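Should a chain be cited, it is by its letter among A, B, C and D, assigned in written order, with residues numbered from 1 in that chain.
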Amino acid sequence: MTAILLISSALFCAGVYGLLSQRHAVGVLIAIELMINAANLLLVGFGWRTGGAFGQSFALFTMAIAVAEVVVGLALILLMYRSRGDVQVDQATELAQ
Amino acid sequence: MNPLISAALVALGLPAALALLLAVVPKLRRTGKPAALLSILGSLLALSAAGWLAATWLHDPKQVLDLTTSWLPQSGKSMSQVGVHLDGISVSMLLVVAIVASCVQLFSLGYLSDEPAPALGRYYAYQSLFLFSMNLLVLAPDLMQLFLGWELVGATSYLLIGFWFTRPAAGKAALKAFVVTKFADSGLILALITLVAWTGSFSWNATLPAGGAEWLALFLFIAVMGKSAQFPLHIWLPDAMQGPTPVSALLHAATMVAAGVYLIVRADPIFAAAPHVRLFMTDLGAITALFAALIAMVQTDIKKVLAYSTCSQLGYMISGLGAGSLMGGYFHLTTHAFFKALLFLAAGAVIHAVHSNELSDMGGLWRKLKFTTVAFVIGSLSLAGLPGLSGFYSKDLILEAVHESGNPLALGLLMATAGLTAFYMTRTVVKAFFGKPSHAAEHAHGPGPSMTIPLLILLVPAIGLGWLAGPMSKLYGRSYAFHLDTIGMVTIALGLGGIALGWLIYGMGLLQALPRAFAPIARIANGSTVDDLWALSYSKLGMGLARAIAWFDRYIIDGLMNFLGWLFMWSGQRVRTLQTGNVQDYLYAVFGAAALIALWGGWR
Amino acid sequence: MSHLLSIIIAAPFVAALLLLPCRSTDRLLMRWISLLGSLVSLTGSLIVAWRYDIKAGGLQMAELYPLVPSLGIDIRLAVDGWGVSLLLLTGIIITTGVLASWTLKDREKEFFALLLILVAGVFGVFVCQDLFVFFLFYEIAVLPMYLLIAIWGSSNKVADAGPFRFIWKLFDIGGREYAAMKLTLMLLVGSAFILVAVIALYQAAGAHTFDMGVLGAFKYDASLQKWIFPLVWLGFGTLAGVFPFHTWSPDGHASAPTAVSMLHAGVLMKLGAFGVIRIGMMMLPEGAHAWVWAVGLIAAINVLYGALSAMAQKDLKYIIAYSSVSHMGVVMLGAATLTQGGWNGAVYQMFAHGIMTGLFFALVGLVYERAHTREVGKMGGFAQAMPIVAAFFTLGCLSSLGLPGTAGFVAEFLVFAGAWSGPHLWWALPAVAGAFITAIYVLRVTRDVFWGPGPSEQFHDLLDARKTELGALWILGTCIVLFGLWPRLLLDYIDPATTQNLAMATQTAQLTPTPATAVAAQAPPPVAPPAATAAVAHAAAGGGR
Amino acid sequence: MSSLEISLYAVGSLTLACGLLAMGVRNLVHALLWFGLSLMGTAVLFAQLGASFLAGMQILLYVGGVVMLLIFGVMLTREHEHLGAVREVNHRIRAAVVSLVLFAALVMAILHTPGLDQAPGLASQATAGVTLDQLAVALLGPYGIAFEVLSLLLLATMVGAIVLARKRDPGEPTGRKPIGRQNLGKQRIEGLASPIIALPAAAASVAAIATVQAPTVAVQAQAPQTTEPAVSEHESPAEQPTDDTTDAPVDVAAAVALSAQGDQP
C-alpha cells in the first residue's frame, strides 16, 4: 500500500510541478490530467486494499469526468486562442483588471 | 391679587406684550407712527403704575411684596423663582426707569421723525422690549431674574446701537458693546452658579460659607465692570454712541449702565461681607472717574463727551458703593439718571438741529435753541455739582462716604474729577452754545413739542431731586439731613473753579497755554489706547489662536483621519498587486500553502 | 395598549412608502405626503406630551411587539420625560425640514423618502427600550445620510496644506462624496464599537433578552463595565461629535442639503449624546464613574475647540457646523457631570441646540440658495433685501450664545451649574468661555452677512423667506423663545426623568464596596469566550445590515 | 518487500519518469507523447492492482481519447512551433521547490501512518480482484444516482463544448448590443423567457435524478428539447463575460441588461 501511495503522490507532485511551470494552456491541461491520474490510482489502490467495487466504480466516474473536463478545457483553450491570439497562461492576466 | 402687585405686573407685562405684538405683527410695525404711539402709551401706563407704586412706598417704605412662581425646577424643587419683588429700592428704580423711558420714547418721536415708517416701528419694538427687560431686572426677586433682565437689556442695547444697521460703524459698535459686556457677564454666570452650588438658590440673602462672599462679590463685580463701563472694560460705551441719541440717553446713560450699580445695591448682603472687593471697588471707581474725565476733556464729539462723563459718574457711584454708602451710590444713580438723560436729550435736540455730533459744527446755538440751551446748561451745572441742583447732593454723599471709609487716594481722585467735570462741561457748553456760530449752526432749527416736553419733564428732577434725598434715605432705614462740611465746601470750590477755568479758556480765549499743556496728558489718556490694547489682544491673540486651532483641526486632526483613509487605500493597493491575474501565481499560493500546512501538520 | 408611539415611528415610514408610486412630476403631491407624514409624527409627539403623566413619571405608553423571541429581541416602545422632549424635537425638526426643502427640485421622491426613513429611525431610537432594536433604529438613522449628502449635497474647496498634503491627490477633500463617505465611514466605525458593546452586554447579563430595563438593572462586573463604557462612549460619541472624532461633522454638515443639515445637526448628533447617556452611563454606572473624567475633559476641549475653530472659519455653513461641535460639547459636559443639573442641562441642550441649529441651517440654506455663495467675506448688507431672514438669524445667534429668554440659555446655564456643583468644578470654566467665544463669532457673522451697506451688485435676486420657509422659521423661532422664557414647559418632563435615570447611573457606584462574596453571588455566568462573542457579533452584523 | 511491491515500484517509477518528462520537455507534442506513455504506465498499475477492466478503460479513454484530443488542440492553436511549452528557469525552479516540499510533506505523512502494509481482513479477497459483474452491479445499483448525474454531466459537457468552440458567423455582431430604451424592454422580455424555459427543465432533471428508478431515457429526452433551440438561436453565453472583462465600469442598468442577456442559454 505504501508503494501505491508513494507512487501516487509522486505523480501528483509531478502534476503540480507541471501545473506551475507550463506556459502553454494545453500543457496545463496535461498536468491536470496527470494529477487526476494520480488520484485515480489512489482510488483504485484503496479499493484494492479494502475490497469491494467502490474504488473502481469511482475511478470510472472520475475518468468520465476527466474526459469531460478535457473537452471543456480544450474548448476554452480554443476560445482563448480566438480571442487573444495566443494560449500563454502567464500572459492571461485579465483577472487582475 | 394685591393691586400693588397687579400694578407691577402691568409695568412689567405691558411693554412685553407690546414688544411681542410689534414683533409678530409686521403690518402694525410697518405703520411706524401708530406703533410708536402704542409703545409710548404703554410706557406711560407703566409710568403711572410705577408712580402709584412709588407714592405708596413713599408712604410706607418698609413694605415688601413678593409674587413669584417656579421657573427652573430641579430635583422636583424650584431652583429659581421669577416674579416681582416690590420693596423701596425696586419701586424707586422702577419709577426712575419709567420716567426716563417715557421721556425718551416721547422724544424719539420727534428725533426720529425722518426715519421711514418700518424703521420707526422697529425702533419702538426695541424700546418696548428694553422697557420690559429693564423692569424685569428691577423687579427681580432673586439674582437669576436679575440676570435674565441684565442680559436682555444687553441684547436690546445691541439691537438699538445697531439700529442704523447700514452704517458699518454702528454694526461694529453694537458687536463690541455686546461682546465686551458678555465677556464681563461671564462673571455673573460664575457668581450665579457659585451661589446655587453653595446655597441651592439664587437669593441674595442666603447665608454663605465663610470667605465665600469675597469670591461671589468679585464675580459679581466683574459683571458690573462690564455693564457699568468701569476701566478697563469701559471701551464699549463711547462706541455705543453710534446708536440714536435718545437710546444713548436711556440705555447708555440713565438706566442700563446703571444696572451694575443697581446690582450692587441689591446684592448688598454679599458685598457687605466682602471688604476686599469693596476696597477694590472704591479705588477702581475713583480711577475710572478720573480717567474718563480726562478723556472727556479732549473729546470733540458732544455725545462722546457725555459718554465719557457717564463713565466717570459711574465711577463715582461704584466708588461710593465701595465705600459702603448704599445711599450715596444709589442716590447718585437716581440723580444722574435724570440729569444725564436731560443732557443727552438736549444734545439730541442740538444734533437734530445741526445734523452733526461734532462740537466744531456747533457754537452760538443759544440764539436759535433757547430752551435747549437752558436745559443743557442746567444739566451741566447739575453734573458739575453746583449747590442746589440734584447732582451736588448725591456727589457730596459719595465723597463723604469715601472720606469716612478712610481712603484718601480715592477721595483725592474723586475730588480732582469733580473739578475736571466742571471744567469739561463748561468747555462743552461754551463750545456748543456760545461763541461764534458755525455754518451748520446758522441754519439750525428749534425742536418740536415732542422733544421739548420730555426736556421740560426731566428738568424738574434734575433740579429738585436733591431735596428728595431725605425721603429716599428712608428706603435704607436711615435718616438723612443735608449738612455742609469741609468736603462739600472743597467740592463746591473745585466745581466753581473748574467752571471759571473753562470759561476763561474757552469763553474768553485766555490761558490758551493750558490746553496745550493738557494735550500730552490727554493723548496718553485718550480712549483709543485701551481700545487698541483690547483690539490687539482680540485680533492677535484671539483670532490667532482661533486660526491656529482651525488650521490644526483641518490639517492635523482631519488630516490624520484622511491619512487613516489613505493608509487603508494604500495598503489595499499594495495587497492588490498580489492579484496578478495569472492563474499560476494563484496556484503557487494554493499549493505552497497546502505544502506548508502539511509540513506544519507533520512537524507536530 | 396604545399605539401612539408606533404610529409616530411608522408615519414617516408609511409616507416614504407612499412616495414610491408617485410620478416624479407630481412634485406638490410628494411634498404634501412628506409634510403629512411628518405632521402626523409631530402631532403624535404633541399628544404623547399631552398624555404623559408627569406626576407618575417613569416609562409610559409602553408597547411590545415580539420580533425574534428566540433571542429575546422585541420591539419595546415606551417614553419617559426625556423621550417626550426628544420626540417633540424630532417632530419639529422634520416638519420644518420638509417645509424648508419645499423648493427642492432634484429627485424629490428619493430625497423625501430617504429623509423620512431616516427620521423614522430617529424616532425609533428615542422611544425604543430594546437594546437590539435600539441599535437597529440607530443604523437606520445613520445610513441614508450617505445618499442624502452624496446626491443632493454641495461641495467646497479646501486648500491643500499641512503634513498630509499628499492626500489631496487621492481624495476630493471638501467634495460632497468625500464628505458623505467620511461621515458614513466614521459613524459606521462608531457603530461597530457599539455593536460589540451591545453584544457584550447581552452576553454578560445572560438573561436572553435585550430589554433595556432588564439589562439596565443588571449589575455588570466592574472590570467589564470599565472596558465596555469606552466602546459605547466612542461609538456614540463619534455621532455626537466628540473630539477628535468630530471631523465628519463640519464637512458633512457643510456639504449636506438644508433639510439634511437640519436633521443631522439638529437631531442625529443628539442620538449620539443620548446613546452615551442611555447606554453608557445608565447601564454601566461603574464604567461611567471610572471614565467620566475623560468624558468631561474631552467635552471641555470640544466646547472651546469647536468655538475657536468656528471663529476662524470663512464659510457660513462651516461656522454653524463647528458651533454644533462646540454645543454638543456642552451636552457631553452636562452628561459627564453626573449631576441633576448637568443632566437636565444636557437634555435641555439637546432640545435647544436642535431647534437652534435647525433654524440656523434653514437660514443658511436660504441664504445659500439666494446668494449662491457661502463665503462670509463676500456677503454683506443682506438685511436690507431679506429682513425676515436677518431677524431670525439674529434670534438664532442670540440663542446660540446663550442669551436669557432663549432656549439656549436655560440649557447652558443648567450645564454650567451642574458642572460647578459636580466633582470637577473647573469644567464650568471652559464652558463659560465657550459661550463667550460663541458670542463673538455668531455676532460677527450676523454683522458680516446681514449688516452694513446694501448688498453688492452680484446679489441681485435676494428674496426674503417665502411661504413654507417662513412657516419653518416661525415654528423654530417661536420654539426658541417659548422654551427660553418658560423652561418648565420641558423641564417638568425632563427633571423627574433625570432623577430616575440619574439614580440608575449612580446606584452601583454606591454599591462598589459590596463584599466580594455578594458580588460573586450576583455575578453573571462567565462572559462568553471571546470566540463565541465574536461569532455572535458576526452573525448579528450580518443580520443587522 | 513482496514481489507485487517490487513490480509496483518498478512500473510506478517508469510511469513517474514518463510523467516528469511530459512536464519537462519543451516540445508540446513530445510532451503529449510522454504523457500518453505515463497513462499507459498507470494502466499497468491498475492491472497490477486487479482492476483489469479499468486498465482497459484507461487505455481506451485516455490514451485513445484524451491524448488524441489534446494533440488536436495543439494542432488547432498552432502554438507549439515557435514557443516553448514551459516557462522560464526561475519559474521552473520555484515550481520544483513547491512541488518537492509538497511531496516531502506527503511522504512524511505516508511514512508516519502506521499499519498501511499490514494485511487487512479482506486482503485475500481484495487481491483476487473485482469481477466485471461486481462492478456493473455496483454502478447501476448503489451508485445509480451518481451514474445518472454523470450522464447529465456528459451531456452538458457536450453542449458546452459545442457552444464554446463554435465558430462565430461573420455577420454576427461581436460586441454587446447598444442599449436603447426600446432594446431594453425587448431584452427584458427575452431575459425573462429564458429562465421560464430553463427552470422547468432543471426541475425535471432534478426530479428524474431524485427517483433512482426513473428511466435514463426520460431525462435525456427532456433536456435536449429545452436547451437545444436556445443554443442555436442566440448568442453564446460564454462570449458575453469575455466582452465584459474588457471594459471595466459598467452601468448598473447595462449590467442588468447584460446579465439578462447572458441568461439566455
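As a convention for this text, a residue touches a chain if its C-beta (ideal position, glycine included) is under 8 Å from a C-beta of that chain, and two chains touch if they have at least 3 such contacts.
Since we're looking at a predicted model, the values are computed, not measured.
Undergrad: So which chain ends up closest to the centre of the protein, judged by Cα positions averaged per chain?
TA: Of the chains present, the most centrally placed is C.
Undergrad: Taking the mean of the C-alpha atoms as each chain's centre, how many Å separate chain B from chain C?
TA: 37
Undergrad: Using the average of all C-alpha atoms in each chain as its centre, how far is it in Å between chain B and chain D?
TA: Averaging C-alpha atoms per chain gives centres 95 Å apart.
Undergrad: With chain centres taken as the means of their Cα atoms, state the distance from chain A to chain D in Å.
TA: 8
Undergrad: From the C-alpha centre of chain A to that of chain C, how far is it in Å?
TA: Comparing mean C-alpha positions, chain C is 62 Å from chain A.
Undergrad: Could you list the positions in chain D whose residues touch two or more of the other chains?
TA: Within chain D, residues 87, 94-95, 98-99, 102, 106 contact more than one other chain.
Undergrad: Can you pull out the residues of chain B that are in contact with at least two other chains?
TA: Residue numbers touching two or more other chains: 584, 588, 591.
Undergrad: What parts of chain C, by residue number, touch at least two of the other chains?
TA: Residues of chain C touching two or more partner chains: there are none.
Undergrad: Linking chains that touch, what shape results: line, ring, star, complete or other?
TA: Contact pattern: none of line, ring, star or complete.
Undergrad: Under the definition above, what is the set of chain B residues touching chain C in their complex?
TA: 70-76, 79, 147-148, 150-152, 154-155, 158-159, 162, 165-168, 170-172, 174-175, 178-179, 182-183, 186, 189-190, 192-194, 196-197, 542-543, 545-547, 549-551, 553-563, 565-566, 569
Undergrad: Quick one: which bits of chain A touch chain B in the complex? Just the residue numbers, please.
TA: Per the touch definition, chain A meets chain B at residues 16, 19-20, 89-90, 92-97.
Undergrad: Which stretch or stretches of chain D touch chain B in the complex?
TA: Going through chain D, the ones touching chain B are 87, 94-95, 98-99, 101-102, 104-106, 108-109, 112.
Undergrad: Can you tell me which positions in chain D touch chain A when the two form their complex?
TA: 5, 8-9, 12-13, 15-16, 19-20, 22-23, 28, 31-32, 35, 38-39, 42, 45-46, 49-51, 53-54, 57-58, 61-62, 65-66, 69-70, 72-74, 76-77, 79-80, 83-87, 91-92, 94-96, 98-100, 102-103, 106-107, 110-111, 116-117, 120, 122-123, 125-127, 130, 134-135, 137-139, 143, 146-147, 150, 153-154, 157-158, 160-161, 164-165, 238, 242, 245, 248
Undergrad: Within their complex, state which residues of chain A touch chain D.
TA: Interface residues on chain A, with respect to chain D: 1-7, 9-27, 29-31, 33-34, 37, 40-41, 44-45, 47-57, 59-61, 63-72, 74-79, 81, 83, 86-88, 90, 94, 97.
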